[in-house]
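Okay, got some structures for you below.
Here chain A shows up in two complexes: once beside chain B, once beside chain C.
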Partner chain A sequence: MTLSMPSILLVGIFSLFGVGLYGLLAVRNLIKVIVALQVVVKAVLLALVLAGNLRGQVPLAQSLGLTVLVADTVVAVIGLALAVQVRRCLGTLDLHALASLRR
Partner chain B sequence: MASTLILLTIGLPWAGAVLVWLDGNRRPRLQNTLAVTFSLAAGAAALALIAFPSSQTSFRLPVGGIFGDFTFLADGLGILLAVIATGIGSLAVIFSIDYMRGEAELGRYYSLILFFIGAMAGLVLTSSLLLMFIFWEITALCSYALISFHNDDPKAVRGGIKALIITQVGGLGLLGGALLAFSSLGSYEISELLKNAHTLPQAALAWMAFGFLAAAAAKSAQFPFHTWLPDAMEAPSPVSALIHAATMVNAGVYLLARFYPAFEGVPGWKTAVVLVGVVSALMAAVMALFADDLKRLLAYSTVSQLGYMVYAIGVGGIFASQFHLLSHAVFKALLFLAAGAVIHAAGTRALGEMGGLGSAMPRVRIVFITGALALAGIPVLNGFWSKELILENGLEHGPVWGYTLMLLTAGLTAAYIFRGVWMVFYGSRRNTHPLHDAQPAMQVALWPLAVASVLTGLLSGPLGKLFAATLPFHDLEALTTRAILIDILEAPATWLATGVVVMGLAAWWFRKELAPVFRFFLWLGSPARNSFGFEDFNRAVVRSTQAVADLLRHTQTGYLTMNVAGILIGLVIILAILAWGG
Partner chain C sequence: MVQIVILAGAILCAAQAVRSKRLLVSALWLAGTSALVAWLIYLLGAPELAVIELSVGAGLVTVLFVFAIHIAGEEPQALGGKLPRPAAWGLTGLSLILLMMLILPGMGVRTSIPILLPFAEVLWQQRGVDVLLQVALIFSGILGILGLLAGSERSGPDAEKEVS
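For the complex of A and B:
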């Protein structure tokens, strides 16, 4: 099996996605969760650009990618702002402490 | 031209709604003026549409993708209901000037009513199933918000939520049917569905037919979804007259009439429609006989009369059902507005606390009795012509049991409405609340409706012609007014039914002499007051929903990692299904 450029990229994208997903599932610190989420979204972004390249629709993929990038930045900022508030209210960034909001 | 008028009919009330809202309750007089002006203008636009009937799409708004095109069309059915919605809407708004004087938050009241009028016109003038569903839900939303208008009253809030949930359950049937039509025809266009119904797979068509029947029953408060309408009577009286008597509850009947050509061949559908109509009409008439609240009595009567229209569609009498829809919209709006004037004066809705109000409110008495005579089906009033036409259709094309029960209902109708008239206007006074006759704006709304209750029977010919010319898929023939009226007068069924109506009146008149007979039927009273167990059923549904929700609460752990795991598992399942299925 010859390793073409796209398949190498695809392996990279899936590894990145897996790293992010592992972070989402395993990490308990809220800041780290936001970082993990960013990693997941970046993997998807790369997949988008790759798909555009393969289908010959580079401009479309680029514009979509930029849109995702902007939206994703907003998500990160709001997530971090929430993290600050969580720290203020609960005194910790532990995710399990957030479960106390349920009651 | 037609497309401009359609846009005006829908757009003017909505523009008015925004303007009234923008005033922010600072100038009630300005709000009154704006609401009346815009509703009257919409009424004028709808009336002008009568000159431009067409069976072709007037204009389309390409939305694209799975939403299809949003199309509008002014055919006979649509024009009739648009005129009723905007015309009676205008009168209800005029009536509100006096009825709602001094209320806080007039802006919210008027904008919701105007928003409703526009949505109702849109619902009947669109020819796209998806857009129809959207308008359908907007009217439900307005109805909910107006029932709960006095939102500091827990009963009003409860009634509103009940109406919203029950009509929503039926609305799912409409949405499902619309999506099914799109998936099999590739279009939301109603005419496409009517034209190609016979090419669809039987199963899909049956699902659509019964889904639409459920939607219609929920919207028109028919069995088994009838329980929301009596509780909706917490709304201010003009709202009850407009939404819960003259327009929104007709949407279900409209839906059945509109799609009748597509579904008449579905096995069992017509029988189901007849059954729904007969059971609703009879059961609601019995409940009205035992009602002790003026507005609830009228609400049961609305359910019963809508049952007549549904029954008419089940036996194939599309024209008869729409003719009765017109008559009913006029006389029931009249009855509700007159009841509003009574309630405004007497300060109560309980029939037991009224009595002897006639001498203090002679004008209201005259119009109320006019409406009552029309409802009972006394000759020359509009209710007589349309009800007899329905019964004639039922005798010719429907099952005998259906006809017999509807005949019995006609007698009960006369009995319950005259019991109501007697308890409100005659007998001795039972409270000392200072009374006043209808105020000027109320009279402006009441008199045209009273005159129309006498005269709209004469519209049968032009209405039939309009229908026959613009509804290519309905098998209708155009007769002149004269021919229709003479046909009704010469049918033996008419005089049989009139005899039953007179017997119903006599039963109330000689109630003292007949007391031993009535005592035999008193056992019906207690189940009728408890709506024959349907309220218990509703409560059981609510309780079991809450119990299930309490159980499912435990799956919400509040741990983010669990939620992410849940999303992942869901994704895997979906991918597995896709891989397996396709």
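For the complex of A and C:
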């Protein structure tokens, strides 16, 4: 069985998504969580462009991708601002330590 | 073939970004991932988005990460994750299988008429609401940057005076 180029790219995009998702589930540092989220969004962006390329609707894919990119950047900025404030107020970026503060 | 090599590089950079112990190194690996993803987007025929991804994803976001890490400081990272590793791997694998089951059946379907309008026309005329949303998001981002800057100012010498 031979895989076509779009299928190989799609498998790669799934792998990139998986790396980001594993990071989201596994890391404990708040800033690392944002890094993992960025990786997931990169995979989604690539999937959008690949879908546009396959369907012959690249301008539409670019337009939607631009919205995703802007939203992703804003999420990163607000997440980093929150992380900095959490570090200033509570003295840690460790999610386990932050979760134990509730009790 | 080039596309596969670039994508493999992007996956490698992303894995290093997630695995790396130091936050600054992690941010730099993420910048590498963004650059390679931008190159791949260009090769897939979306040059405008590639340029924006390169300047925003690999440039602006990396600068913001470095700035935030500088303010927050490097923290020695504790061993172990939120979930045990086997559980994290299992959940990741399960999610990927579900995604593949959703996406792969639609791979062969093709639309009848490709849209040949230029990017600017699609963005400004067909997706005008998206542009308004982007403006609102950028405004939120500016507020977020103000939050970052407020944190850096309060951690300066004035804050030390207040404490003493």
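What to note about this one:
Note that the second predicted complex is superposed on the first by the 99 of 103 C-alpha atoms of A that agree within 3 Å, B and C clash if a C-alpha of one lies under 4 Å from a C-alpha of the other, contacts with A are read in each partner's own complex, and residues count from 1 in each chain.
Just so it is clear, a residue touches a chain if its C-beta (ideal position, glycine included) is under 8 Å from a C-beta of that chain, and two chains touch if they have at least 3 such contacts.
Just so you know, these numbers come straight off a predicted model, no measurement behind them.
After superposition on the shared chain, chain A has more residues touched by C, the comparison being chain B against chain C.
By the touch criterion defined above, A:A26 lies against chain B and chain C together after alignment on the C-alpha atoms of chain A.
Legend: residue contacts after superposition of the two complexes on their common chain; A:P59 is shown touching chain C, with no touch to chain B. In the superposed model, A:S15 makes contact with chain C only, not with chain B. In the overlay built on the shared chain, the residue A:H96 is in contact with chain B and with chain C. Within the superposed three-chain model, A:T67 lies in touch with chain C and out of touch with chain B [touch as defined at top]. In the superposed model, A:V44 lies in contact with neither chain B nor chain C. Legend: residue contacts after superposition of the two complexes on their common chain; A:A83 is shown touching chain C, with no touch to chain B. Annotation: chain A residues 21, 25-26, 28, 95-96 touch chain B in one complex and chain C in the other.
Chain contact summary for the complex, chain C toward chain A: residues 3-4, 7-8, 10-11, 14-15, 17-18, 23, 26-27, 30, 33-34, 37, 40-41, 44-46, 48-49, 52-53, 56-57, 60-61, 64-65, 68-69, 71-73, 75, 77-78, 80-83, 85, 87-89, 91-93, 95-96, 99-100, 103-104, 107, 110-111, 114-115, 117-119, 121-123, 126-127, 130, 133-134, 137-138, 140-141, 143-145, 147-148, 151-152, 154-155. Those residues of chain A that touch chain C in the complex are listed here as 5-10, 12-23, 25-29, 31-32, 34-36, 38-39, 42, 45-46, 49-50, 52-67, 69-74, 76-78, 80-85, 87-88, 92-96.
Across the complex, chain A meets chain B through its residues 21, 24-26, 28, 33, 95-96, 98-102.
Within the complex, the chain B residues that touch chain A are 556-561, 564-565, 568.
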